[in-house]
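Across the two complexes that follow, chain A remains constant while its partner is chain B and subsequently chain C.
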Partner chain A sequence: MTAVSGSPRSSRLRRTRVAQALDNRGTLIATLLVPVLIFFVLFNTIPTLWLLGLSFYNYSLTSGSPPSFVGFRNFIQIFNNRNNIWADLSRTFTFVVFGVGIQTVLGLALGFLFWGSKEMPGRRVALTMLFTPMVLTPVATGTFFRFIYDPDFGVLNVILHGLFSTRPINFLSEPGTAFWAVLAVDCWMWTPFMILMALAALGSVPKAELEAAEVDRLPWRKRLTLVIWHHGKFILMLGILLRTIDSFKTLDLIIPLTKGGPGQETRLVAMEVNKQAFESFNMGWSSAYSVLLLLISIAMTSVFIFILNLRRRRGA
Partner chain B sequence: MNGRGFRQHLYYAALWLVALFFFAPVAWIVLSSFKTREQILAVPPKLIFVPTLANYTDLLSRQGLLLQVFNSIFLSVVAVCVAVVVSFLAAFCFSRFKPKGTDFLMFLLLSIRMLPGPAVILPVYLMYAGFGWKDNHFWLVMFYAMFSIPFSVWILKGFLDGVSVRFDETGLVNGGSWFHVIFRVVMPQVKPGLIAAFIFNMIFVWNEFLFNFIIGGVSTQNIPYALAVGTYSDGGVNWTFIASMTTIYVIPPILFIYFFQKYLLVGMTFGTVRGEV
Partner chain C sequence: MAEINIDGVTKRFGTFTAVQDMDIRFADGEVACLLGPSGCGKTTLMRMIAGLEHPTSGRILFGDRDVTALPTHARNVGMVFQYPVMYPTLSVAENIALPLKQDRSLSAAERDLRVAEMLDVLDMREHGGSFIDELDSGNRQKVAVGRAIARRSDIVLFDEPTTNVEVNAKLQLIRAIKTVIQRTRQTIVYVTHDQTEAMTLADRIALMYGGKIIQYDRPDVLYNQPLTEFGGWFLGNPGMNFVPATVANGQISAPILAEPLPAPANLPSQGAIKIGIRPEWIAMHDTPQPGSVEGTLADQTVGIAGRYLTRVSFGDVDVKVKTDGRPPAPIGGRVHLVPRRGRITLYADGNRLA
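What follows is the complex of A and B.
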C-alpha cells in the first residue's frame, strides 16, 4: 500500500503524489490479489491438479494399497460404460431438460401473472412466501417430502384418494414414479426462481415502449415478439442457464429422498460420484468421472459467459 | 362493487393462491412441528389439533444441539466475512486495474460454482485427510470462504464497474491514500453489492450439508448435518425432530428474503442481473 498522507499544498506536489501512487501500481495490484490467489491456489488449483493426476491412477482407500498408475484405463472404462454411467448421464440430461423446461414455462406464466402487481396489498409477504422453497434447507426439504409422499400416512396420497379415490401409491419406491416424484420436488423448489427471473425480464422492458405499443394498438402476439421478447430475452436466457447448471448439480435433495433408488432410477451424476467417492472410496475412478463433469461444467460456464458478453455488446 | 374493483380483487386473490401453493409444504412442516408423533402420523392427516410445544422442549434437551447451532452460525458468519473482504479487494483490482488474465480468472472462479459438489470436494477431502485438517473449524471455514469467493467476486465486480473511476481520481488527487480511496470512497458506494454477497453466501453455507459431512466431523457438524444424520430414532424416522428443527432453522433465511427482497435478484444471479422485483 502506498503511503500518501497529509493534505496537498501545491498542484506540483499533488502531481508527484499521483505519480508516486501510479508508480506503485504493481505493488498495489499484488496486495489486492494476493489473498484471493492464496485461497484459489490452495483450495482449488492444487486440488484440481490432484484430481487430474488421480484420474490416471487406480486408487482405492478401502484396499489400503498405494495408488497404481493405470494410464487412460479409467477413461476407457467411462467410454465402455462401467457402472452404467451413460445411463446416469442421459438420466441427468432428461432431468435437466424436463425440470428446467417445466420450471421455465411455469415461471413465465406466473411471472406474467405477477407482472403489474406492484400495488398489491401485502405483496412483500406474498413474495417472501413464494420464494421460501428456494431457501429451505434442501436436506430438510428432501426428508419432509419423503413424508408427504409416504404411501401409508403421506398427505399426498390422502388428497389423491379423496379426489380420485386411487389406491395408495408408493411414489418413491416404484420405478415408474420415483424419477418424476423427485422432479416434482425440484420443480416446487425452483419454479419460484424462474418466476423471479421472468419478473426481472419483464421489468427490463421500458415502460415507454409498452405504452407506444398500446397507442399503436399492436396485437398481443406482436407486442410479445417485438417489444417484450426483444428486451427480456437475455435475462430469461441467463435464468435458464443458471437453472440448467444448478439442476445438473442436484444432489442434497436426492440423498434424503431416494438415495438414487429404486435401482438406479433417480441416480443422477452427482449422486453417483458421491457414492463412488465417499461410500465405495474408489478415488481413482471417481476422479476420472469428476474430470468428465469438470469438462461439462466448463462448457456450460463458457456458454453462460458467451451470453453475458452478447448482452453487454447489445447493451441490453 | 364495480367491475374493475372486483376484477382487481380476483387478480390479487389468484396471486395469493399461487404464493400459498408454494408455501403449503413449508406450512405443513411448521404445523407438524406442533403435533405429537402420533398426530403427525395420523391417517387422515389432522388439520385441527391441540398444539403442543413438547417438540421444542425436546429439541432443547437434545444432546449436541448447542454445538450444532453454534457451528451453523459460526461457520456461515465467519466464512462469509472472510470471503467478502477478500473478494472485495480482488474485485476492486479486477475492476480498476484489469491485470492480465482477469477474464480467465473470473471464468475459473465461476466454473468452481458450476461443478457438482462431490467433484469439488473429492480432491479437497484427500488433501484434508492427508494433512489432518478434517474436523477442524479453521480449515472448514477456509474452505467455505473459498467456495463463497467466486460468487462474491462476481457480484462485487459488477457493482464496482458501476462506480465511476472519477471517484478514485478525485480521492487520490486530493491526497488520499489508496487505502482511503478503497475503503472510504468506493466501499460505501457498493454497499448493496456487499449486502447481497453477504446474504446469499450466508444462506448457502447455512444450508450446506455435503461439505460439512465430508470434510467436517463430530466437532464441526452444523444443523443440516444433524437433520441428515439424526433422522432415525427408536426404529423410525424422527419426524418431530425434523419438523421442529426445520421450522426454527428456516426462520433466518425467511427474514433475510423478507427484509432484503430488493437484493434477491442480484444475489441469485451472481450479480449478472440487476433490478428489483
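What follows is the complex of A and C.
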C-alpha cells in the first residue's frame, strides 16, 4: 500500500519527522543559519567574486564592445600610478589617521565628561543634541557646510571677519585649506559616534571596581590602566575599527562639498572609484582598484583584531 | 581614636528615606554588624561611612575628625564589596600590595612582609602568584579582604562580602574573615542580612529596620531580650513566639501560662499585651508537670542535630516549640508545655515593656 500524501496521518507523521529533525542541535543551527547564508552569498560573496573576475577584464560600458580578458593589466596600471592614484591613497591615509584620531580624542574627552556628570541637569538633552550630526544624511551635512564655508555669504567668514578682521577665505577652493575643511566636517559628523562608543566602553566598567579603586586610594593613572582600560578597551577599539573602515570609504560627504577639488586636493580613494565606475563606466579598471581597497581594509581589520587579542592574551 | 560617630544622619534618595535621623557610635576596635532585611538602609549607612554616599543631613565623625564632607580617598577606610573585586591584570600578591604602594612611608621590605603575612592569615600562600582566572569567587573575595585589611587603616567596612560567593566557598571565606577580624584591632563595620554571620562575627549587632536602628547590643542580649517584636521575630530560626495576653488587676494571663504572672509596676492595670518567649525556652512533656499547660501537637518538622521544631495549638493560638529529640506525642496528641518564667518578655504595640 502506498502512502497517501495529504492524509491527516501522513501529514502528522511528516510534522513529527520535522520536529525530530529540529531536536537535533546541528540541524536546528543549520536551519536558522540558512536564510542568512543565502542572503550573504547572494549579496556579498557573488558580487565580490564578480568584482574579482571583472578586475582582470577591460570592460567599458560605453564602448559597446564585449569585455576582453587582459590579465593583470589593470593592476599593473594601478601600480604604475594611473590617474595619480597613489596620491589619493596617501591622502586617504592622512584623512583616516587625522580624522579617526581627532574623533577618538574628542569622543573620549566628551565621553568622560558625560560619564562623570550623571547628575548634571540637562545632560540628556545635551546628549541628544550631540548625537544629531551622526543621524543626518551626509549629503545634507555636506551641502549646509558648503554654505557655512561660502566666501561670500558663509557664516564662518562673517565670524572670522568680525573677530580677526580677516579677508574672506574660500575654504573649499583653496589648496591649503580644502582638505582640512573637509576633515573638520567629517569630525563634526562622526565625533558623536566615538562619544557613544566611549560611553559604552565606560559603561562596561563594573561600578564596584571603580568604587574599590576609590577606596584603595589609587591615583587616576592607575584607575585608568587597571580598571577602566581593562574593561573598556574592547568596545573602544571596536569603535575605532568601525570608524577606520568607514572613514576609508568616505564619499558622500565629499561630493556635495568639493567633488574632490580643488585639483586633486580632496580626492579620496572612494571618489576615484566612484568616478571611474559610474561616470566613466570603466568597470574593469575600477574593479581592480576596488579589489586593492578591499585588501587594504582586510589588512587593517586584521591588524586591529591582532592587537586586541594580543592585549587580551597578555592581560589574562 | 577610630570610633565612628553617626550624628543625626538622614539620607534620602528622591522621596525614599533610606536612613532616618540616625545616632549611633561604633566603638574603637569593635566589630559591629549591621543586620536587617533588604532595604532597611544598612548598606546605605555603610556607604556613607565609606564616603561613597553623602548624607542629606547630619554629621559623620571618625574620632574627633568630622569626615562628612570628605571624599572616600581622604577618609582612609578599607572596604570589601559585595561583588568580589580583584584587579584583573594583577596577581594576588600584587593586588594586596597595591594599596600599600600608595603609602610612600612604607618600605618595600615592610610591604612584602605585610603581603606575606596577609597571605598566611588568609591561607592563600600557594596562590600568591595566581591571577583572577585561576581563582573561584571565594578566593577572589579573600583577596579583596586582604587588600582592605593589609593597609591597616583605622576602619574596615564589609558590605555583605559572602553574598556573591559560591556556597561551598562561603564557609572558608567566613572562617578567613573571622581569623582576620580577630587578629586586627581595627574598627570594623560589617553589613549582612545573615543572622548566623552576624552572631558569629560581631561584638555588637545593630539591628536595623526601615532606615532606623532598632537595637544596638551584644549578640546574646539582642537574641534573648529583643527590644521590639520585630527583633524577636527577625532573629532566631524560627523567631520568638508572641502570645496574646491580657492584664487585669495586676495579673497577666495567657493561654500558655498555667497561673497568672504578677504584672510589673510599669504595666497599665488593664489591657491587651503580648508575651514573648523563644521556642527553645519552652519544655514539652507527655504528662502534666507543675506549671504546665495542655495543648495539641499540631505539626512537627525535623530540625538540626536531632532537634524537632513543633507547633502546639491552644484553640486559636499557636506556639512554636523546639524539642531535643522526638516529641513525646504523635501529631494530634496532647502535650504539656512548661515555659521558663525567667525567659518571658512582655510587649505592647511592638515594643518591650519588661
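Quick note on the criterion: the second predicted complex is superposed on the first by the 255 of 316 C-alpha atoms of A that agree within 3 Å, B and C clash if a C-alpha of one lies under 4 Å from a C-alpha of the other, contacts with A are read in each partner's own complex, and residues count from 1 in each chain.
We adopt the following convention: a contact is a pair of C-beta atoms (placed from the backbone, for glycine too) under 8 Å apart; a residue touches a chain by one contact, two chains touch by 3 or more.
Because the structure is a prediction, the values reported are computed rather than measured.
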Answer with first, second, both or neither: which of chain B and chain C does A:Leu113 touch in the superposed model? first
Could you say whether A:Asp216 touches chain B, chain C, both of them, or neither, answering first, second, both or neither? second
Please indicate which partner A:Phe95 is in contact with in the superposed arrangement: first for chain B, second for chain C, both, or neither. neither
Can A:Trp190 be said to touch chain B (first), chain C (second), both, or neither? neither
For A:Phe179, decide between first (touching chain B), second (touching chain C), both and neither. neither
Could you tell me if A:Val227 is touching chain B, chain C, both of them or neither one (first, second, both, neither)? second
When the two structures are overlaid on chain A, which partner does A:Pro206 contact: first (chain B), second (chain C), both, or neither? second
After superposition on the shared chain, which partner residues are touched by A:Tyr149: those of chain B (first), chain C (second), both, or neither? neither
Between chain B (first) and chain C (second), which, if any, makes contact with A:Tyr57: first, second, both or neither? neither
Please determine whether it is chain B or chain C that touches the greater number of chain A residues. B
Which positions of chain A touch chain B when the two form their complex? 1-8, 14, 17-18, 21, 25, 28-29, 31-33, 35-36, 39-40, 42-44, 46-48, 50-51, 54, 110, 113-114, 117, 120-122, 124-141, 143-148, 152-153, 155, 158, 188, 191-193, 196-197, 199-200, 203-204, 235, 238-239, 242, 245, 248-249, 251-252, 255-256, 269-270, 273-274, 277-278, 283, 286-287, 289-290, 293-294, 297-298, 300-302, 304-305, 308
Would you pull the chain B residues touching chain A in the complex into a rising list? 11-12, 14-16, 18-20, 22-23, 25-26, 28-29, 40-45, 85-87, 89-90, 92-93, 97, 99, 105, 107-112, 114-119, 122-127, 142-143, 145-146, 149, 153, 172-179, 203, 206-207, 209-210, 214, 223-224, 227-228, 231, 237, 239, 242-243, 245-246, 249-250, 253-254, 256-258, 261, 264-265, 268-270, 272-273, 275-277
So in the complex, the part of chain A that touches chain C is made up of which residues? 206, 208-209, 211-212, 214-219, 222, 225-227, 230, 315-316
The answer for chain C against chain A in the complex is residues 50, 52, 71-73, 76-79, 81-83, 85, 87-90, 98-99, 102, 131, 133, 144, 147-148
